[in-house]
Each structure stands twice: as structure tokens, then as C-alpha cells.
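Note that the chains take the letters A, B and C in the order they are written out, and that residue 1 is the start of every chain.
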Amino acid sequence: MSRAVRPALVGAGVLALASLTFWAPTFWVSIGIQALIFAIFAMSLDLLLGYGGMPSFGHAAFYGAGALGCAWIWLRHPGIGFLPLAAACIGIAALLAVPIGALSLRVRGVYFLMLTLAFGQMLWGYAYQAPREVLGGSDGLIGVGRPPLDLVQNLDQGLWLLAGLSPRGVAVRDFYNLTLVVAVVVLVILLLLVRSPFGRTLEGIRENEHRMRAFGVPTFRYRLAAFVVAGALAGLAGALATLFNGFANSGSLYWTNSGLVLIAAVVGGTRSLIGPALGAFLVLIVQDALSSFSQRWPLLLGAIFIGFVLFLPGGLAGLGRLSRTLTVRP
Amino acid sequence: MQTQALTVRFGAVAALSEVSLDVAAGERRAVIGPNGAGKTTLFNAITGDLRAGSGGIRLDGHDVTRLASWRRARRGLARTFQRSTLFPELSVAENLGLAVRARLGGGWCFLPGGGGRLALEVAERLQQAGLAAQAGRPARTLGHGEQRSLEIELAMAAHPRALLLDEPMAGLSGAERRLALERLRALPRDMTLIIVEHDLDAVFAIADRITVLDHGVVIADGSPPAVRADRLVQEVYLGRPA
Amino acid sequence: MDVLNLAHGSFYMLGAYTGVVVLGLTHSFWLALAAAPLLLALLGGALEVVFFRRLYRSGHLLQVLLTFGFSLVFVDLVRWRFGPQNQAFAVPRELAGTIPLPGFGFAGYRLFVIVVAALVATALLLAWRRLRVGAILRAGVADTEMVGLLGIDLARVFTLTFAFGAGLAGLAGVVAGPYLATYPGMDENVLILALVVVVVGGLGSIEGALVGALLIGLANSFGAFFRQDLAVVLVFGLMALVLVLRPRGLFGVRA
């Protein structure tokens, strides 16, 4: 695959996704929303894992913080606009990421894995048993509505009219468009970030931290910055999830959620951004779409995952790299 | 650069014991000694990779004993490692790019771009190091001599005030050795050089002064002829009976 | 062995379910007690040979993910075969009595659990420190090549060790069955706690695991006693504290 093909494919993919609102039944649009949210979550993890070389088993903590924060804010300020709400949730997740990152990043490898797991579970434990007035107990916070999406709705109606169809104005489709836009924005932000001097420095730290320190680079600060950015974006994903579901509970912080997003990132192929997004789609489709056909979806997911880890550790994106190496002369 | 009574312990073993060095600006100092004498430990203590149990380190008159390794690097301390410490999967050009960028600053820029100046300097350095032909290849594909060349160039990219070279001649062929020696000789005189080496021919060719370590203790420190004639040195290092 | 195995909880769960099945077939708790570790050891060994050993060099993350995948598979298989409800697992008559102690009665089965735990701990400690196999393992992880050069078939040792570990997990499961609940999600709770214990105690140390288990067990029980769900915060807080202060764990050997 030449270098020009990949962006073209991605662009085509985005367009295809954008067209979904026009022809797909509501069930699939809903799946699409959840897949996009999970893709944002997975891409944020890729910054940390693929580009930063920091495998975190507690990334769901920031997702959950964004989710619960979103519900908490909405219930106190119903009708709040999407942008201020999103900004607040990003802020909450980022603020949480600073102390957790500052402590966790002092260790590496498997210890980092375990420490992030520990912090994630601590937060889950707190959220689970927090008093009802604060975080809604085990049911969580319910009754979250959608922020006014006038801009999106107007755009959407415009598009429908352009296409010569009558607008179907179902809230779900508007929300889908919103989520798609957010996902693309996040992708672009991350793409720019990893190609920036910051991103290159981060990669250098991943490849040989000792060397970077010998160059005079304060490596801890860079890793922490990446950790916070990743956490902030995960919080954004969580906020979107709350707005879609209408509720948020402590379950989103549980370690299996961290495990699931790791699966998505690895299956998709780390260090590619697109890979984890694809992996997220795959995981979500298996989870949601299949669960309505069969109760055995965890079995399938586990089996798929095992297959990938054993035979395709580069993930789906790895396939692309593989074909590139096969066609280029050594 | 000076160290004062530097001591480093690993458990009960004193890898360095009360090592004091005084290296003048621009001096070419060689540190020699048998294997296990503590030479690399000395380097690690100076750069901050190892915490000294006691003693002090001064750079340009400033006390850097408490500073983190990256801060000392910022103050103009650079080093090469005994085993080439490169970025194996990145291209040679990218390796140098990281070094140059670290010096130029700007690592906190979140948007891509502004690489023109960087690219120019990287191209220059590639030429200097004789690696222009390998610019796009992953560093791990380089031959040993080329890797050592890159290693030195990475350290040089920081425009250091003091450069610590850990066995720069190790593993080099005869021709490569001559080239390396020339390069070392050509280094600017305002840069202080401290070299750990086993290749005594190179040492005696370059060094202004030689410090001899054995079992973590300085046993000789002086001009090359003086050290060569020192009987303790001969006994310990060169194996001649007293 | 320097392997991170998230499927270990599954072995525990499968041990408990094996106990249920064998008990149902033979009506003998003691047969179930013997069968579970054996079967799980076989399963563990097979899994190691076929799947897990490919990842020894691939790093911990891939091991975590692979075994996580397996745990998903096992849990769902169990749920499929037995359903999501708790399984009845009766305490055997011989152990069901209460031992009168000053002030309160001590359940006989609890004493049984303590005895089994003590026996296992002692055996492990002895093997780890005194027997050849312990030394081989410790050496094998420190320097695989060297051990190989000494003519020891490390692959076989690893397989046997993994099988042994799985068998122990199975034993834990069948012992826990009558005491704690037996249901498809039981692997999660114990796995998380086991990971915390190992990390707190220190990787590569059986003594550490023992001390860690006691510490975490106490923290868990006391936490739950004072305020439900405070236990979680306490347990993980302890783990975070240890990791931040002593990344190798209390008795950790590995870097």
C-alpha cells in the first residue's frame, strides 16, 4: 500500500460513516454511535500505549470520570450546551489524570500496568459506594438528556434537503452526526500531535528513555503530559456515552472496561490511531450486535482476541504494515 | 569538571572510593584501569545515572551533585555509552533529529512543522559523521563502526561543554580506529573531553593527562609519561611484577 | 515464572465447578478435592504447551491480553454449561461441625480451609527454597540461557510449574466452593485480589506472596467489617502505596 492510499482509505471510510444516517436503520445508527465513542476511547489509549509505550490497565477510570462528571453536571444544569459540557468533562478527566499519572509514571512496564489497575479500581470502589446524593449509588446517575444540538440539526436538515430527501429528524441520527464529528476531530488532533515535535519526542522516550535523558530531555514531564491528554480524551468519550445512554454509573470504571479497550487497541493494532478505532468497531459490533443474536458473545470476543494475540500481534493495522513489507524490496 | 571524594557503593562493595578529579576546561583527560576498576561507574556517577553515596561533583564551578541526570545534560554534559545506545527502530536521520531537537528546544510544540532548521542541521551532521548514505535506514542495521560513529554524533549534537566518551574505540577495526582518532583530535578545544579507554595507543596519543583507577581508587594521576613510568600502574594494569 | 496470567482466576473457578460436578457424580467430597487439582493441572499444562509458551518472550502486555482473552472464554463456557446462578456446593458432613471455643463456635470447615492453606504454604516454601525445582525456577527466570546450557530442559520445567500452579488454583477453587459462592463471575474477584497480593508481596517471591496474602486478606476483611466497599479502596490503596514506595513489592526479587 503506497503512502497515498492510506489517507484516501480513511477519508473514504469517514464518508461512508457519514452517510450512515441516510440509509441505515436506527438500530445500526445506535451501534455506530457506540462504536464511535469506543473508538475515541481506544484512540486515546493508543497515544498512551502505542506512541508513549505506557501500557495502562486503568484507562477506564478517566472514561468513567468523564461519564459520571457529565451526568453530574447535566443534572445540575439541564440544557447546558454541548461545548461547555464537553470542555468540563475533559477538564475533570485531565485533572484526575495529573495525580494518578504523577504517581503511576514513576514505575514502568508491568508495575505501571498494575499501578494503573490499582488506581482504576480505587476510583471504581469510591464511585461504587459513594453516597446516593453524590453519584447515585449502584444505579448511577439517571435521567440525563441531550444538550441542544441546533447547529448539528440545522446542518443535518440542510444535508437531507440537499439529498432531496425529507429529514427524518430522529434525535439519534443527530447525535450520530455529532459523535462522528467529534471522533474525526479527535483523530485529527491526535494525528497532528504524534507528528509534532512533542509527538516525536514522546516516541524517542518510548524507544530509549535513557538516551533522551542524556540529551537533557525531562522525560517524566513528557510522559505525564501524554498521560493527561490521553485521559482527557477518554473523559470526552465517557461524556458522549452518558449523553447517548441517558445515564452513567460506576460500572464504566471497572477494570474489565480497561481490559476491553486494551483489547480493542491491540486487535486494531497499536501505534496507528486508525487501528484502535477499527478494533473498537470490531469489539463493539461483536459485543452489541452479536449479543442480540446470541448470548455467547464473550466467547466469540475472547476467541477473536486470542487469535489476534497469537497470530497477529500487530493487529489489523499490522496487516497493512505486513502487506507493505511484503511488496517493498528489502 | 571536578569530582570531590566521590564514593559509590553497591551494597557492601565500594565501586568508587573517594575519587577526586580535577579536569580543566578544554583538557583531554583519559581514565584508564583494568576491567571492573569502576570507570563506567565513575561516568554514571558524573552524569547522574547513579547516585553517589558521598562526595561532590562540580561542572563549570556549579555544584551539580543533587541534580537529576537530564538537568546535568542541560548544563552541557554529554556522554556516549559503552554499548551503543541508539534508537534502533528509528532511522539514522531520526536519531539525529531527536538529539538536535532536544538541544533546540521546542519539544513542547503540539503542532507539526518548523522542521526546516532541524533538517538542515541533521543533514550537516550526517555528512560530518559520514552517514549520509544511511540516513533513511533503521539504526540497528548499521555496522558496528557506523553505530559508534552515530553514538558520538548524537552526543555532539548537544553542543556539550564536557563530553564523556566511554570506550569509543571498542570493537573498531584498524581503519575505523584511525578515523575515530582523527575525529577525536579534531574536536573543538573549548570542549572538555574525558575518555575511558582500553586502547592505550589511542590514550597516549590524545590525552593531556591520565587518571588511573583500580578497584574504585585513584592510583595515579598525571601526564602520560609520568603515568607510563609509574611502577604501581605498571604492576596493576600492565601486569609487570614490582 | 515471570508470566502474568489473568486466566488464573478461571482455573480457580473451574476447580470449584469441577468439584461440583465430581461431587454430583460420586457424592464424595474427598474425591472432588483430589480430582479438581489434577484436572486443572492437566488443563494448565495443556494450555501452556499449546498457547502460553509462545508468549514468554513477547512481554507482559501480550501475556496479560492473551490470558484475559482466555478468561473471557472460560467464564462464558461455564455460564453456557451451568447457567449464571450460584451452584449448590454442600459442606461435607465430616467437616460440618462446630468446634466449641471460649465465647463462640468455630466452624469446622473454616478450620479445614486454614489447615489446607497452611499445608500448601509450607510445601511451597520448602520447595521454593530447599528443593532443586525451586532453585531451577529462580535461576531459569534470572538467566534462561544459562540454565539451558546447564542441560536443564527449562521448557518442561515451565510447563510442569504452570500445571502445578493451575492445579493449586483448582484446589483453592474446590476448597472455596462450599465456603464462598460458586458462580461464573467468581474468577474476577479472586483474580484481582490475587494480583494485588502478588504485587504487594513482590514478584518472584513465595514468602512475599504469603505475607502479601495475609496483609491483603486482613485489609479486605477489616475494611469490609467497618464499612462495606471501603475494603476495595483499602486494598488497592495499599497496593498503590507499596508500588509507589517499593516498586518491587515488599519481598520482590525481579527488577
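Brief remarks follow.
Just so we're on the same page, a contact is a pair of C-beta atoms (placed from the backbone, for glycine too) under 8 Å apart; a residue touches a chain by one contact, two chains touch by 3 or more.
For clarity, every value in this text was computed on a predicted model and none was experimentally measured.
Put simply, the chain closest to the centre of the protein, by Cα centroids, is A. In terms of C-beta pairs in contact, A-C outnumbers the other of A-C and A-B.
Centroids of chain B and chain C (each the mean of its C-alpha atoms) stand 49 Å apart. With centres set at the average Cα position, the gap from chain A to chain C is 33 Å. Computed from the mean C-alpha positions, the centre of chain A lies at a distance of 44 Å from the centre of chain B. The multi-chain contact residues of chain B, meaning those touching 2 or more other chains, do not exist; every residue touches at most one other chain.
The set of chain A residues that touch two or more partner chains is empty. Interface residues of chain B facing chain A in the complex, by the touch rule stated above, are 47, 49, 69-71, 73-74, 78-79, 85-90, 94, 97-99, 101-103, 106-114, 154-155, 157-158.
The touching residues of chain A, when paired with chain B in their complex, are 192-193, 195-201, 203-204, 207-208, 210-219, 222. Listed in rising order, the residues of chain C touching chain A in the complex are 4, 51, 54-55, 58, 60-62, 64-66, 68-73, 75-77, 80, 188, 192, 195-196, 199, 203, 227-233, 236-237, 239-240, 243-244, 247. Of all residues in chain A, only 55, 57, 103, 106-107, 109-111, 113-115, 117-119, 121-122, 124-126, 128-129, 255-256, 259, 262-263, 266, 295-296, 298-299, 301-303, 305-306, 309-310, 313 touch chain C in the complex they form.
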